[in-house]
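The structure under discussion is supplied below as structure tokens; questions concerning it will follow.
Labels run A, B, C, D, E and F following the written order; every chain starts at residue 1.
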Amino acid sequence: MTRPSGRLADQLRPVSLETNFSRHAEGSCLVKFGDTHVLCTASVDEKVPPFLRGKGQGWVTAEYGMLPRSTHTRTDREAAKGKQSGRTQEIQRLIGRSLRAVTDLKAMGEVQIKVDCDVIQADGGTRTASITGAYVALHLAFQHLVRVGSISTIPLIDQVAAISCGIYNGVPVLDLDYPEDSNAGADANFVLTGRGGIVEIQGTAEDKPFEESEFMALMALARKGIGELTALQRQALGQ
Amino acid sequence: MTRPSGRLADQLRPVSLETNFSRHAEGSCLVKFGDTHVLCTASVDEKVPPFLRGKGQGWVTAEYGMLPRSTHTRTDREAAKGKQSGRTQEIQRLIGRSLRAVTDLKAMGEVQIKVDCDVIQADGGTRTASITGAYVALHLAFQHLVRVGSISTIPLIDQVAAISCGIYNGVPVLDLDYPEDSNAGADANFVLTGRGGIVEIQGTAEDKPFEESEFMALMALARKGIGELTALQRQALGQ
Amino acid sequence: MTRPSGRLADQLRPVSLETNFSRHAEGSCLVKFGDTHVLCTASVDEKVPPFLRGKGQGWVTAEYGMLPRSTHTRTDREAAKGKQSGRTQEIQRLIGRSLRAVTDLKAMGEVQIKVDCDVIQADGGTRTASITGAYVALHLAFQHLVRVGSISTIPLIDQVAAISCGIYNGVPVLDLDYPEDSNAGADANFVLTGRGGIVEIQGTAEDKPFEESEFMALMALARKGIGELTALQRQALGQ
Amino acid sequence: MTRPSGRLADQLRPVSLETNFSRHAEGSCLVKFGDTHVLCTASVDEKVPPFLRGKGQGWVTAEYGMLPRSTHTRTDREAAKGKQSGRTQEIQRLIGRSLRAVTDLKAMGEVQIKVDCDVIQADGGTRTASITGAYVALHLAFQHLVRVGSISTIPLIDQVAAISCGIYNGVPVLDLDYPEDSNAGADANFVLTGRGGIVEIQGTAEDKPFEESEFMALMALARKGIGELTALQRQALGQ
Amino acid sequence: MTRPSGRLADQLRPVSLETNFSRHAEGSCLVKFGDTHVLCTASVDEKVPPFLRGKGQGWVTAEYGMLPRSTHTRTDREAAKGKQSGRTQEIQRLIGRSLRAVTDLKAMGEVQIKVDCDVIQADGGTRTASITGAYVALHLAFQHLVRVGSISTIPLIDQVAAISCGIYNGVPVLDLDYPEDSNAGADANFVLTGRGGIVEIQGTAEDKPFEESEFMALMALARKGIGELTALQRQALGQ
Amino acid sequence: MTRPSGRLADQLRPVSLETNFSRHAEGSCLVKFGDTHVLCTASVDEKVPPFLRGKGQGWVTAEYGMLPRSTHTRTDREAAKGKQSGRTQEIQRLIGRSLRAVTDLKAMGEVQIKVDCDVIQADGGTRTASITGAYVALHLAFQHLVRVGSISTIPLIDQVAAISCGIYNGVPVLDLDYPEDSNAGADANFVLTGRGGIVEIQGTAEDKPFEESEFMALMALARKGIGELTALQRQALGQ
């Protein structure tokens, strides 16, 4: 089997995490998984959502969007259509849950951080790139809050990153790009912490149901890939 | 550990599948997982969605809704709010994918079947009950199409059913009800076929990340539960 | 003249009022007028609408919906379309006015009761069945408020019920079912109290204008039918 | 009893019907019931609604709106809020049904006439003024279609007009203005044809239920008032 | 060159400003520029927008709408479509800015005045007629506030009026009507104060780019026209 | 007077036009006016809008958006709010008109080009940067159509670019950045062609009305700036 990109089965695309890409945001990161480019910005908001007011804890939430021509053919602009698709909502809920899983909401104080993940260019794996970059942006926003004295330590209890794996031409492979993703027999997204804990698993049979052994092979690939991604996160954050 | 309901860790709630509940639908099933009651109706539509017109194949899709007071406290009506929540969209996309995974879309002819899953009463596990009942409603709608001569055989290549599992008080348990679901440390939904193939897996750490061994224990429970559910489906369909 | 159902001109369909159908709602009633089935749930909300805050009185309101396949052919889901139809709004405003006409809003305290009427199966007369069942659900919710000590007596000053009548094949008949309703020359809905007071009358010529004498015949039929419905309400409430 | 306006119980407000008020519309009428002013325009549209295409018949429909400051205090603009209220939809459906009740839809050919009723100033009775003026605008639009040769005769089988009546200070009165309407114990709108046939009746108890005898008194007043309105319509149309 | 209306190149259409047209509004003016008729009403609202609460200053804002058949062919009702067009929003933002440019927001106290400009009949130039009439309505609303003692002097620092000019058949002309507007090579709207200050200029090449000299000719025409309009405003206000 | 950036009154910010920034779009350009960065992509769509079908001509349209944290403080996402603001619509209409003013719609064939201008980072002047970059993206998309043989020559009859000017601290300055824009006494956007023709002028007094002489000074600055911008466009396009 040869992957369209010529990568090995367990090889990530070239990954980069460019910090402080945005001049205005408290934290930001332009994450690239090959030709998939996502701008992640973390904005501090003094107001928590209504259900948390006065509870002495904070909140982290995420929003996701794609530029209309980030995709191979132009996708209609959600703002013009007047609503976000089910896919968009699914992804932004996933990003938010993933970030909250490694945040000590009590320790962050009564503020909200909104992380926007906007896809500048898409080539498969936008949700996993988003989570990986969003963690970096969130970390930088917390650094900012420490720097300005709002909190004394960064309220993150672990790292979090994500990667997709799939069965392509019958073989389990790591980090699907678009040509693979649109032909994969099965596709799974893994969100894991720096210490290897499972935050989210989403596996979907695209064509026909898959076997448990196949699923376990995907999880093993994901562990390898996420090990590399969390190392890159630490490097980007100068740790 | 004692479950609030007194059930064993690997014990389903009482499950019933009442077929032909609705007078008008081509196929229908009132599914009950304990106090969770979902009415599933399958409606035959002569028109396929635009992207499939003239392609000589059919489509199966699903919609999901909750009656405002199916829940412990009243939930605002989505029709009144003017949009479906992200959760609703996530669930109805999952139901649709699950049904299509066992349907031979080419063999069903150029028609569309829309399966509506409406929660009459909720006590946890509405999405898994929906999938389990939706399969029965879909099967009945195909029986109807065979009976009226539109197709010659039922274009289903396998059964599909779903169940949730979770870590409750540190112990893996099968078929979470609401009191368990709202306190579970982790929660996973499994959609499997009658032959045991994996269609969808969605695992979420609610509180803190979970271990791979825990995840495997949940999958084993799911296999047991889905074996029982698919037997009940066959029984309800008189097979 | 023979009615499609074989009923006499002044004969109601079999009517049942099943109380406490819903596990969660403070009051609930599954009302059946023949094959028309409506689930009515009354939910107590501690917050009154903004225009009544601090005025020392309560409010009763209603919402109405139809399951997509409650009808002969599937109706698009209002939540998916993003708005409620004019018909839906007309009906839910009517139900709310009817209930408020027999409620002592001052005596109920500063709470709001929202009555949801959801049509599980439709065969004509869903709005009249809704009003008839909604009264029972509302009464049960007030019983609940008495039981928990919020109020000392049930703040209902009369019963309220509703029925449709119409000119079918030139003959005035009581309680139109769908085959009659879709062929009636005129159609009138009457909302009357237990003591016979008029709360609402809505008469519509479907085909050609009707005469005053015809209208009076419809009102006489309505009085008979509503006498029977209010007796059934008292029986369902154990009075 | 004295009415706020000093009118007799069975006295209409000064009514005027100014035809061809609008330069562009095929038919138009500015109707005034005292200080209630409604501009009715009838527009010919070559396209019938989808459910009638190719059926060889026409359609008449209506839309209703209020200028934001037509009312005593400013009402939010529906276009800015992004939806029409339930009241607006109820009224425009009523106007449409009333006009169709006197139109021979088969004889008008496959065109649609949309009648817009826009309230320039409101002082009670906007829906009844709208129906009364809309009939005139519709008649003029049909005259236009005869003049340009689309049809040979005006496909109206009768006139239609509407009036409200109510119980004010215990006395049945004709043509409620705003000060009466907001204090009436009961309120009924009657839509009758030129020959006295009943098209629509909508009676509502505002405060407490009303008696059949009261209702009959309102209907008698309505007959008198509509006799006068239909005479004014004929005069405005030069008949 | 002959203009379709026979007017001279620098001649306005007949302009009238009818004050107190509306019975309910604190200030109102029916403005006519030939066959373009706009009803402007100014409504006093005790609540300023959220961003100004407690800042000790007021606000003036505007909304704009067209009756569906104010235009040559019927335009769909924005309330029915569920949103205001880009054109509508552009115009109402322009009207609001124009009025605020001559209002002393600090001197008016913490109230908001909403000016509604509703086009009853359109024949080109609706936005400029709206601004011209809106100023008069606003002035009258301030007179009302002085009369009732809310403020001691009218907080207007200048007059404001607007006119369109364009290149029609190669010749610069004043106050385009619809036949001219739909054929103009360039079109510019000028909003000027009574003292000749520039509030807004919006110039658009419809067909091909225009020259600076042409633009200067349009501005000279505008100055002449606005001089006449502001004189008419003073006359209408009895100054 | 010193500008916050230290620029001369008639000095543009550093401007760059990076072509082919996007992998997927037929034409693209990342335009930077100092810290204002806008990604412009031009997408070829085989379908023209309904009003042009079968007319043998093409169409150019534009959409505009801002990433939520492109701004100093986070702006709510329009897709999440469910509608585009008036400002957004105003800007995208302006961009579309500007591009069409230099396009030979007949010569481009029956296709549509949609130009998306998405603000990655904002520091004032986003609409003028958008127009300037959009022209380049459009040109590249036409080059693509020539290359694939759809058309034989590029159907652009001139270049188009835009710049803002304003009165800052009483002095006319070129190319306002955000600190200037938010304090300018007047602000004008000029859209000019390569040959100096005027396509659009939008001048707004922010604080108090401005004089004609001031306006003329702004136009002179604009001519200088646009001369430089169109030179940079030619250079970016390799002309």
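What we mean here is this: a contact is a pair of C-beta atoms (placed from the backbone, for glycine too) under 8 Å apart; a residue touches a chain by one contact, two chains touch by 3 or more.
Chains and their UniProt names: A, B, C, D, E, F = Ribonuclease PH.
Since this is a predicted model, take the numbers as computed values, not measurements.
Asker: Quickly list, by label, the chains bordering both subunit B (Ribonuclease PH) and subunit C (Ribonuclease PH).
Answerer: none
Asker: Give me the fewest steps it takes to get from subunit B (Ribonuclease PH) to subunit E (Ribonuclease PH) if each step has to go to a chain it touches.
Answerer: 3
Asker: What is the graph distance from subunit C (Ribonuclease PH) to subunit E (Ribonuclease PH), where chains are linked when they touch?
Answerer: The fewest touching-chain steps linking subunit C (Ribonuclease PH) to subunit E (Ribonuclease PH) number 2.
Asker: Can you grab the rotation angle between subunit C (Ribonuclease PH) and subunit F (Ribonuclease PH)? Superpose on CA, round to the nearest 5°.
Answerer: Between subunit C (Ribonuclease PH) and subunit F (Ribonuclease PH), the superposition angle is 180 degrees.
Asker: Where in C-D, D-E or A-B does the B-C interface recur, with over half of the contact pairs identical by residue number?
Answerer: Within C-D, D-E or A-B, the interface duplicating B-C belongs to D-E.
Asker: Hey, how far is the Cα centre of subunit E (Ribonuclease PH) from the one of subunit F (Ribonuclease PH), in Å?
Answerer: Measuring from centre to centre gives 28 Å for this pair.
Asker: Can you work out the whole-Å distance between the CA centroids of subunit A (Ribonuclease PH) and subunit F (Ribonuclease PH)?
Answerer: Roughly 33 Å, centre to centre.
Asker: What is the distance in Å between the mean C-alpha positions of subunit B (Ribonuclease PH) and subunit F (Ribonuclease PH)?
Answerer: The answer is 50 Å.
Asker: For subunit B (Ribonuclease PH), what residues touch not just one other chain but two or more?
Answerer: Answer for subunit B (Ribonuclease PH), listing residues that touch two or more other chains: 82-83.
Asker: Given the touch rule defined above, the chains close into a ring; going from subunit B (Ribonuclease PH) first to subunit C (Ribonuclease PH), what order do they follow?
Answerer: Cyclic order starting at subunit B (Ribonuclease PH), direction subunit C (Ribonuclease PH): B, C, D, E, F, A.
Asker: In their shared complex, at which residues does subunit A (Ribonuclease PH) touch subunit F (Ribonuclease PH)?
Answerer: 22-25, 28, 35, 39, 41, 43, 45, 63, 65, 67-74, 77-80, 82-84, 88, 114, 116, 118, 120-121, 123
Asker: If we count contacts the way the header does, which residues on subunit A (Ribonuclease PH) are in touch with subunit B (Ribonuclease PH) in the complex?
Answerer: 83, 85-87, 89-90, 92-93, 97, 101, 158, 186, 188, 192-193, 195, 197-205, 208-212, 215, 219
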